[in-house]
Each structure stands twice: as C-alpha cells, then as structure tokens.
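Shared between the two complexes below is chain A, which pairs with chain B and chain C, respectively.
This part shows the complex of A and B:
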C-alpha cells in the first residue's frame, strides 16, 4: 500500500513558482545593471588592464564606445534583455569570450564542488546532530556544539586559507589549488578528486553548523515528545525509538534548511573558488563584478537567483512530501 | 506501510542527487588536448603572478615580443638589441625616416600548417589600427599611417611622422589572417585558442590557474628542447615560494625577501633582472605646493633613495632619477641627485617657504602640504609613499598618504600627488614622451603630473624624429638635465625582478639569462624569455638545436 506521489499538486506548485520567478529575475537583472553602473568600477579600465595605464584618452574613449558601455544603463539593460530572450547572452569583456562559452566551461565544475560540499554538510551535520541530540550535554555534544558555533562565525575564505596553510603547506598532503596538478594538462578523474577534497571540505564544513544545530535541536526535542515517551514506555528498543519516532520529526527542519542554505552555499562558493583557484562559475562572478562586466554579471546573477528559487521550491516540495499537513499550496 | 512519508522523500532526493551527478559528469569534459609524456627535464613548470588578459595579438598580447605562441617581425636579444625574427633582416629605412621596408623570412608556417606571408603582417597591423578592434595598446602604433604588401615577402610601413623607435614596435606578434580574419576579432575563439608561428603551441588555458604549452616541432628556429611548458598562475607570493620549494614549480618570480630563502639551496639559482620598472611620485602642476619649482627641487634632494633601495627593496634595485635607469646607455651621466637635506631646506628658505609653528613651512598663507595617493593593497607603493612622506617631513613639507583604488585616485590626479609605477625598456622615447610631453597632460594615465616644460617638449620631439644616435642621445640628455632643474616628478627607485630557477637547464651560451624588463612583466619576462633555447644540463649530444633564438 505504498502511497503514490502527488504529482499533480507538485506540478501546480512548480508552475506557480515559475511564474512568480519571472518578475523576480527581471528585477534582479535590472538591479545588477543599476548597481554595476553606480559602482566606481570602470569596465573600460578593467578591460584594458595595465595597457590602459599608457593608452591615450582617445583610445580609451573608442574602447568605451566599442564595448557599448558609453550609453545609460537602462538602455544597456534593455539591449541585454532583448538579446538574452533571443538566446544571445552577449560577450564577456573581461573573459573576451561569449558569455555562453564561459558558463558552459565553468558551470559543471561549480556544480561538482557545490554538490560535494552539500553532501559533506548534510551527511556530517545530520550524523553528528543525531549523536549530539541523543545525549544533550554529553561530551560529544559539548565539543561539537562549541565547534559548530565557532565555525558559524568563521568566514569561509578564512577557513580556506587555514586549510591551505595546514594541509598543503605544512603537511604537503593535498594540493593547494587548481583543478589538476600543475604540470598536467589533461583532466583526469583521479586528479580532480584529490584537488576537490580541500575546497569541498572547506565549503561543506562552513555549511555544517546549521545542519548540525538544526538536527541536534530537532532530534533532542523529538526525544522528549509524548510519542517517544510512549514508545519507550511500551518497551520498544532505543534503536526503534530513535529511527522510528525521533528522527522522523527531528529531521523535518533539515528539509527546509536544504533549500534555504542554497544562497549561503553560493556566497560560500564565491570565496572558496577564489581561494582555491577552482575554475568555476563563482570565481568568474567575482571577476565579472570587479570589472563591471555587465553581460557576464547579469547572466551569472540570473543563474544564482534561479538556483536560490529552485532551492526554495525543492525544500517546499520535500517538506510537503514529508509532512502531508503542509501540502503544496505555498 | 507505516512510513509512507519517508519513502517518497528518499526517492525524490535520490532522483535529485542522481540528476546532479549526471549533470556534473556530463559537464566535466576536458577542454585542453592531451600532450605527449615528458620526462622531468624536458618539461618546465613556471610560477607567474599575472596571466595575460587575452592571447590574441590583435587585442594586445605579445606586443613586446616573447609571446611563445607567436613571433614578431623582429625580436629583442639578451642585450636588448633588435634581431630579425619573421623578417629575414632588419628593416631598411628611407632617409626621411617615414618608410620602413621588411623582407620576410621564407618557408615559415603557422602551427596549422598554412604558410606565413606578407598578407598576415598587413592583416595584423591593419586590424590593430582599426578603431573597432578593442586593443588598448593601439596608441603605441600612433605613428603608423599605413602598411601594405608590395610582394609576397615584402611589407612596407608608412609613418605619419618620423618616429625613430618604430622598429622596436615591430616585435609585435603576428596573427594568421586565415584563422583570425574569419571571426569576430574581439570575442572569437582565436582569443583563447591561438594559432601562431612561435616555438610553442597552446594546449590549454584554465583562467586564473595555468597555461600549458607544447613545443612546436615545426618551429622555424628549430624544435625547442623543452617539450612541455606550464605557466602556473599563482597570485600569492608565499604560496608561489612554497610550491617552488615543494618541487611543484621549477621556477618562479619572487619578491626579494622570499628569494633570499633560496640563497643557500645548491639546486636552485637566483637570477636578478634589471628593469625599467620605476616608482615615482607625481608632483601635479595644478597643485599650489607640488607645482612650485622650489618645492619640487627641494623634494628631489630631500628624499633618501638609497635607504629606500636598502630597506624597502632589500637591495634589489637602484635609485632612480628619471624613467631612464642609471645603468642604461641612455642615462645622462651627472644627473644623479645627492641626498642633501640641508640643501633642500636652503632651497625652500630662499623661495620664501618659512617654517610655521608646527614645523610645516608656509608661504603667503599657503601651508606646504599636499596629499599623496597610492594603490591600496600594493605594499611596495605603500612603503615608498610612507618613506617619501617621512623624508619630506624632515624638510618641512607635510605629505598625507592615502590609499585608494584607481577609480578613487584618477579623478584627483590633476591636483593630488600619486605614487605611480611604470617603465618600458627598449627606447628612451617610450616612457619619457608619455610622462613628460605637455600635450599629454591628463590624457588617460599619461603625464599624470600635467608636466609642462617647453625645453623638454622640444627635446622629446627632436629625440623621436631623428634616427641619428648622437643627436638622439643629446636630446634625451637635455630632457634629463632639465628634469634636475624642474622636476615634475620625484623618481624614487628602479626595482629589480628576482627569479629562482631549478639549476637543471642551460643555453648554448652557458647559463640562463634575463632581459632588461618592463614594469608589466607577464609571461614573456624572466629567465624563460627564451625558453625555446633552453636545454637540459649535461644533455647528451644530438639534442635538438635551437637555432635562431640563441642569446646574444
């Protein structure tokens, strides 16, 4: 008597959210263009690099016109939007490549990093959270909780530098950065795996405290609820009590957390990819931002916004599935 | 079943996970090609601090030569003398200095097998001159009026005005018309997947991480003995030093304090490249204090350059008195300034700048004070700025140092002093014209001090319009002597560039060499400027020779 998934309700919710995403995305791109235009960063200077320091003003003005950044930003935004809707994302000034190529080359590596880090955070956070929640105030709980609060306060880039210093410089055990060994120009799975360890661990561990603290709280509270007390009173084994009763309700908050951590994961990836020279999309975002590279910045912001909206949708869907009382009306 | 809810959750998350894994696996294709296996000796990994913005010569890459992937018509040897590269000989110049004729080397092919001809040269220069091409270095070819091919192997450049250093500009890398001419010059794939005539082929470029090269077996100068070359982009100095020590890198550029850590390492050698890389303080003509000739002259001798070299550069550099370094043949002997604090005070006293109650001099109600900006995050410039302010204070001039990005500094350059850096070796015209010519005041970052001196203006024009070496030397001597009387800048130091290299390679003439280097040292500088001429040390005979690229 396994229950069928409520596909229709889930599809309706997805459809509603997709419609709501359109104005959000429009607003976000508009804001990106406005903020980039207001920032002191000059796309022409960024494009010219050191050559700009000896270029004549005429040369620089010509560049400004060629790059199309001499026009007011609403016009640039409208141009970008109409072209993007026709599938042309424009050319990135700072990368000197079509934006679509930049995204295609880098998205996979970012997804790999973020997915691995997320798995690390969820697995470690849930595991430790359950153990700590079972015996609140115990040695493990106190040790891990205080560590979690410290990690919560530690910025990801600082953790990254610390990890590079310890594992790469002091121990020499893991590579300090990049995707493959320096001397290698082929990308092999083995090399990527060793190069992935540090960035994924750092990014995962920076997300870990939230999962750990939520699970710890959830499991701990659930263990004090009436159904659990009843189960214990009926003489059920501790194992059955934990897996059958406490975890079911104790892990629910984690589901919402999965979605709501996506923005944090993206900002964390910005810093981690930069520290570890990971050739992903987040590192490109930083470069696009400081260079006021409008087309690239807009495309990447749309991607990030879409990821956040998708994360929210995902967590709501999961929550609806896990707790039928919530439903799919949101 | 009791656990109805848990199942779908698990199923859904498994599906999402599988989707994510499939997505990443599909995206993880290798963009670069596979290279041949290389022993440790015919493979070199070099650590550099900055990577090029583009690899297209049409957008400015390789304009100063040593581009690895491309060649220019001419190239500079170890002694910074011009020698033919894609040209068969040095150009013939018409008596009026307006026409340069180059005969091209025959039998040269691009790495895709197509022959190199005069068409490619004309295409390269014409594309760069085209205003629609986003080349920020176009100004360097300002003198060039037209370029045309008069035969398959002859190219004629016509100048708008006589420009003596023009031949130095033709070290610029040549792009193939049959590849680059068929795509968008600014964003086409050629900008990241170049095809050239040079000693190396690009096999991969992971931005912000590394560039990998493979020897070009058909290189016209002979196939390089170093078969595989990797340029690792490592921004952080400490990380670069550590990776060099760990053996991950074979060579790296390092600041003096980190290079000193390798001084006792017998397996590594340190190379010091002298440079045109100067640090200077602009003294804006439109500032009431810094624009005063007496203040300028006082600051020029109040500053203790030798101490800056010893303390800030740890000895790796030399005092600078102008853009031309003291060890250059173009340097005007006798224009060295002695550190003379008493003399500086005397100049200020005589000019009417009298010490006020707080020790800062005052004249007609104007305090001898002005701000000095430096690029935030640049330790070297910060140290120079602080030392300069402290030296000025002793003479009674109050300089407030302030950090900022170029976006903050640029609008203030007309009236505020800036700690600037620059330097292009090759010809005395390159730096001095841009820094000192009055008509370039406020033109981009050229002549940031709005320096304006009739004698200097005239001498600068004389120097670039005549090809006679003696007349040119006299003109640039005039400029440098005039700078002693009316210094619009206080030049502080020329900075040496230090490189540490595993002692496993040599060239036909013995050890590795360095050229005189510019401020902006990308992958073309350092001992690997001629890596195509490197051979493993004690290599058995019969190693491929590296003909036309021997060091001079």
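This part shows the complex of A and C:
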C-alpha cells in the first residue's frame, strides 16, 4: 500500500465518535448509580461486614456520612464523576486498595491474555477457514463447520474446565491456573508463558467460531470472483491464486472486524479468567460482583463500555482503510 | 462461455437433491432431539418420582455405568437425574427471560418504528448505549446488586436480551409502513393505533417469534454462566450452571463426568434449536440457504 493514508478523514471520524461516546458513557455511569440505588444493596452494610451487625445505629450513621452515601444518588453520582475525572475512582473493598491501582495492576495481564487468545483465534481461524472455504460443502468443510457451531454453543467455562482436566490433570503437561507456581514468589517470563497457554487457548477457541466462519465465507466468495478466475486463466499456480488473490480480498475485511468483537472477548474473559484464576481485570470484576464491591464494579463496567466503543471505532477505521468504498462517514 | 468456464472449476455448489436430503435429516434430528428434551424435562420429574437430591454416600463419584449412565456426583446423587432437573430449571428460567425480553423488545421496537422521528432517534440511541455494555457484564452487575434469588437472574437476562428484538421489530415496521395496504388503511381513515395493532403488529410477530425461540438457548447460556460464577440461582434450585460449578472440586480430583454431562445438556438443545431455526429461515427465504450443516 503506497497510497497515503487519509489521516484527516480518520481524525474527523475519531473526533465524532469520541463526542458520541461521551453521552453514552455518562448514561452508563448514571444507570449504574440508579440501579444500585434502586437495589436492596446497602454500601454501609457491605463496608462494615459482620461488624455492622453489632455496631450501634450512631456508628452506622457516622459511617454512612463518611462514605458519602447518606445523600440522594444523583449527588453521589456527581461526586463520583467529578472525582473519577481527576483519576480517583474510589477504594475497592474486596481488593483493599484504590480502584485505580487494581485496574493498573491487572489491565496488563488481561491485555496479554486477550492478545494471545486473538492470535490463536486468527491463526487457527485463517488456516481452517481457508481450507474449508476452498471446497465449501466438502468433507473437511462440513466437519470443521459443524465443530465450529458446536463450539459456539459450548460455554467457555465448561471448555476451560475440561481443558484443565485433560491437560493439567490427565497429562500433567500444563499448570491448571494462576500466573506462577504456588511455590515461587517472583514472576518470571517462563512461568507466565506456561501458565498462559491453557487460558489463551480456551479463550482463543471460544472466539474461533465466528472468525472461522467469516474467513470461510470471505475466501469462498473471493474464489468465485472474476479476479480469481482471471488469475487461474492466466495459469497462475493455485498457491498464488489462494494467497495473492483470494486470501487478500477474503481475509482483510475479516481482520478489521476483530475490534468489534470486544464484547464477546470480555464475556469470554470473565469466564476464562475465573476458571484459570488469571489475575486479570475480568476475574476482578467477578470477585467484585460476588462480594458486591460497588466502587470496583462500577468502574470496571464503565471501563468495559469504553473498551467496546474503542473497539468499534478501531474496527470502523480499519474497515474504511481496507475497503475505501466504505469511507469514514459513520 | 462463462458457463463452460464455471463447470471446469471444481467448486460449484452441489446439486439440489443432496442438499434437500441433508436439510430433511437436519430438520428431523433437530426436531427429535428437541422433542426428547422437552418430554424428558416435562415427564421425568412427575413420572420417575425419584428424589434427585437423594444423597447416598456409599455411591459417591461412581463413573458412568448401567445403573448410573452419567455416573454419580460427590455425594452420590445420580447425575442423569440431576442433569434433567438442572435442564428443567435452566429451560424455565430461559423461557421466562426470553418471553420477557421479547415483550420489552417488541414494545420498544414498535414504539420506535411506529412513532418515528424524534422518539425513534432517542429510543435507538438508548438501544445503542445498552449494546455497548458487554451483556454478561451488565447481567453480572444487575445480579450483584439484587442478589440472591431467581428473579434477579431472570431480570438480568431479560434486560440484556431485548435489544436485537427491538431492532428487528423496528426495521420490519419501517419497511412495512410504506406498503400499499398501510396506505389503504390510512386513506380508509384508520387511526394510528388501529394501524399499529391491526396491520403492523401481526406482520412483525413471526419475526419476533423466531427471535424469541432463538433467544431461549442464549438466555439459558447466560443463566448458566451467571450460576457458574456463583452469582446465579441459589444452589437448592440447581441449574446446569450450578451443576458445573458444584463439580469443580470433583474435577480437580480427576473425575470428569460431573462436569462433562451438564455441559452437554446445554449444548445439545442449543444445536437442536439452531438447526430448526435454520430450516425455518430457509423456508421463509429460500434463496438464502442457511449455512448451518448439522
């Protein structure tokens, strides 16, 4: 690609989307506080724990005032919002540290897991998709497609548990969970790598079906188009036809879709990180939910929404680049 | 010329006859499986009269055998029976949640599509905002705040599943509004309400119905995920997700069957519903053959 990138159009699109994201994110924070206010959930009881059962009403009222939850929820929301904009997201009860620190510590591990999982899904999906797309309706295609639909129906946590049983317990080849061995107290790259294999594989395989089906469709359709027929007529080798023509026009649009799959990735990560005790942000979300840790849960919900919007933007930018007919008007 | 070129390339779609046969096989297997599932769920509890909670510590963690086709769990309960009961709970929660989501989605989509203009734009903005929160996360949030109980789970699943129905109903309505029979009704002096209820709603209901049927497995999946994470149904109303969660310690001890079978009970009905929906869609739109090849 030697043509210059349309920076200006892309920047305009980014700006428009950022502006559009502001009301969405505000709405989500507002809804989060409204739902919490409407629920039987009481932050004071959650904070005090068992001590709250014996504490005097006076102490509880004091605590309520200290936590700033004695006021109506719109005021609490505004408070939270103004502080969040200054980087203070409150304190997490279950992690016993500021929410911002929890995010900072765990985001990297989640990103590592997600990136590896996407690589697995892309590698497997491209390979199988091309093989199946070459002969749609053939034996291989039918077998792999059926498997893909079955995988789509299989819950990621169940796949994860079966993987633990087979690879960690039966074969003893890989660790069953965590980031490092329990005995070691330093994090080394080698240990992280072996502990990463199973969760990344399971998360990748849970994302595989859609990717495989799109590649299969894209490559299969591309193989029936005129450029491919022309290439075949010129006597180019099957390999050149496949990699130079079909794969290029069939795979590129699919790759740009990866960004729009952030919601599914987050869903998968919530389950996979929990199964494998991966110290990422999704596992923290589940822990926050289990112990009703509102500050952490609220922040992570908003963060996930921002990630989804960012993924959509990225996907649209890449799609516009891959297919200039689409442009950057959305 | 083009035709000869085409026939020389090897990958033409197959002829119609085998595809029809595959389709018929798919239809019948899906229908049979689904029928068996529904019958089992409806009839086993009243007919078998075995206590699925019956603990028998002398028979704990037995591998699958003739007596216990799926084996027993860590307190000696028969897993086949547990799975049927679990499926019953999951299916019930999924059905109620899908029904609620379809009602919400149809109402919202109909309001947006029929009123149009500013209402439409505003409502669709809300739908988009809802869609940008990952569904399981939104579900987790709702359940975490309203836990414990069955209703928080149902509400959380319903709240995350109405979006696609709303979009489908709205776009159907928009395309219907410009049809001649609607013009005829307008010139006949029918009120807005009457047009919506008599002419538009019946036309979109099949689409909403298909969406609802497809939603049930998805809703079951959501409920299972919540239950697996320990945020779903209370353990005395064990769903398939609870069963998988409860089997974790057995799994780490090397016993696979308490984990494997509840998962299969979730997958098989899902595939059957997807198979039936594919056949239905092919019938509605014969030119676009569904890709599902099961």
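To be clear about the criterion, the second predicted complex is superposed on the first by the 285 of 330 C-alpha atoms of A that agree within 3 Å, B and C clash if a C-alpha of one lies under 4 Å from a C-alpha of the other, contacts with A are read in each partner's own complex, and residues count from 1 in each chain.
Convention: a residue touches a chain if its C-beta (ideal position, glycine included) is under 8 Å from a C-beta of that chain, and two chains touch if they have at least 3 such contacts.
For clarity, every value in this text was computed on a predicted model and none was experimentally measured.
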- Query: Who does A:36 touch here: chain B (first), chain C (second), both, or neither?
  - Reply: second
- Based on the superposed arrangement, let me know which partner A:19 touches: chain B (first), chain C (second), both, or neither? neither
- Message: Just checking: does A:5 make contact with chain B only, chain C only, both, or neither of them? Give me first, second, both or neither.
- Response: first
- So, A:136: does it touch chain B (first), chain C (second), both, or neither? second
- Message: With both complexes superposed on chain A, which partner does A:176 reach: first (chain B), second (chain C), both or neither?
- Response: both
- Item | First, second, both or neither for A:164, with chain B first and chain C second | both
- Query: In the superposed arrangement, which partner chain does A:55 touch: chain B (first), chain C (second), both, or neither?
  - Reply: first
- Taking the superposition as given, does A:47 touch the first partner, chain B, the second, chain C, both, or neither? first
- Taking the two structures together, which residues of chain A meet both chain B and chain C? 40-41, 164, 169, 176
- Touching residues (chain side chain A, partner chain C) in the complex: 23-24, 27-28, 32, 35-36, 39-41, 134-137, 142, 145-146, 149-150, 153-155, 157-158, 161-162, 164-165, 169-170, 176, 213, 217, 223-224, 229, 232-233, 262-264, 266-267, 270-271, 274, 285-286, 288-290, 292, 294, 297, 300-301, 304-305, 308-309, 312
- Interfacial residue positions of chain C with respect to chain A in the complex: 5, 9-11, 13-14, 125-126, 128-129, 132-138, 140-147, 217, 221, 224-225, 228-231, 241, 244, 247-248, 251-252, 254, 256, 259-260, 262-263, 266-267, 270-271, 274, 291-294
- Note on the structure: In the complex, chain A touches chain B at residues 1-3, 5, 40-42, 45, 47-60, 62-63, 66-67, 91-92, 94-98, 104-105, 107-109, 111-112, 115, 119, 164, 168-169, 172, 176-179, 181-183, 185-187, 192, 248, 255, 277, 279, 283, 287, 314, 317-318, 321-324
- Any idea which chain B residues touch chain A in the complex? 1, 3-9, 11-13, 16-17, 20-21, 23-24, 26-35, 43, 45, 53-54, 56, 59-60, 131-132, 134, 136-140, 142, 184, 186-187, 191-192, 203-204, 206-210, 212, 228, 230, 232-233, 239, 242-243, 246, 248-249, 405-408, 422, 424, 434, 440, 442-446, 519-520
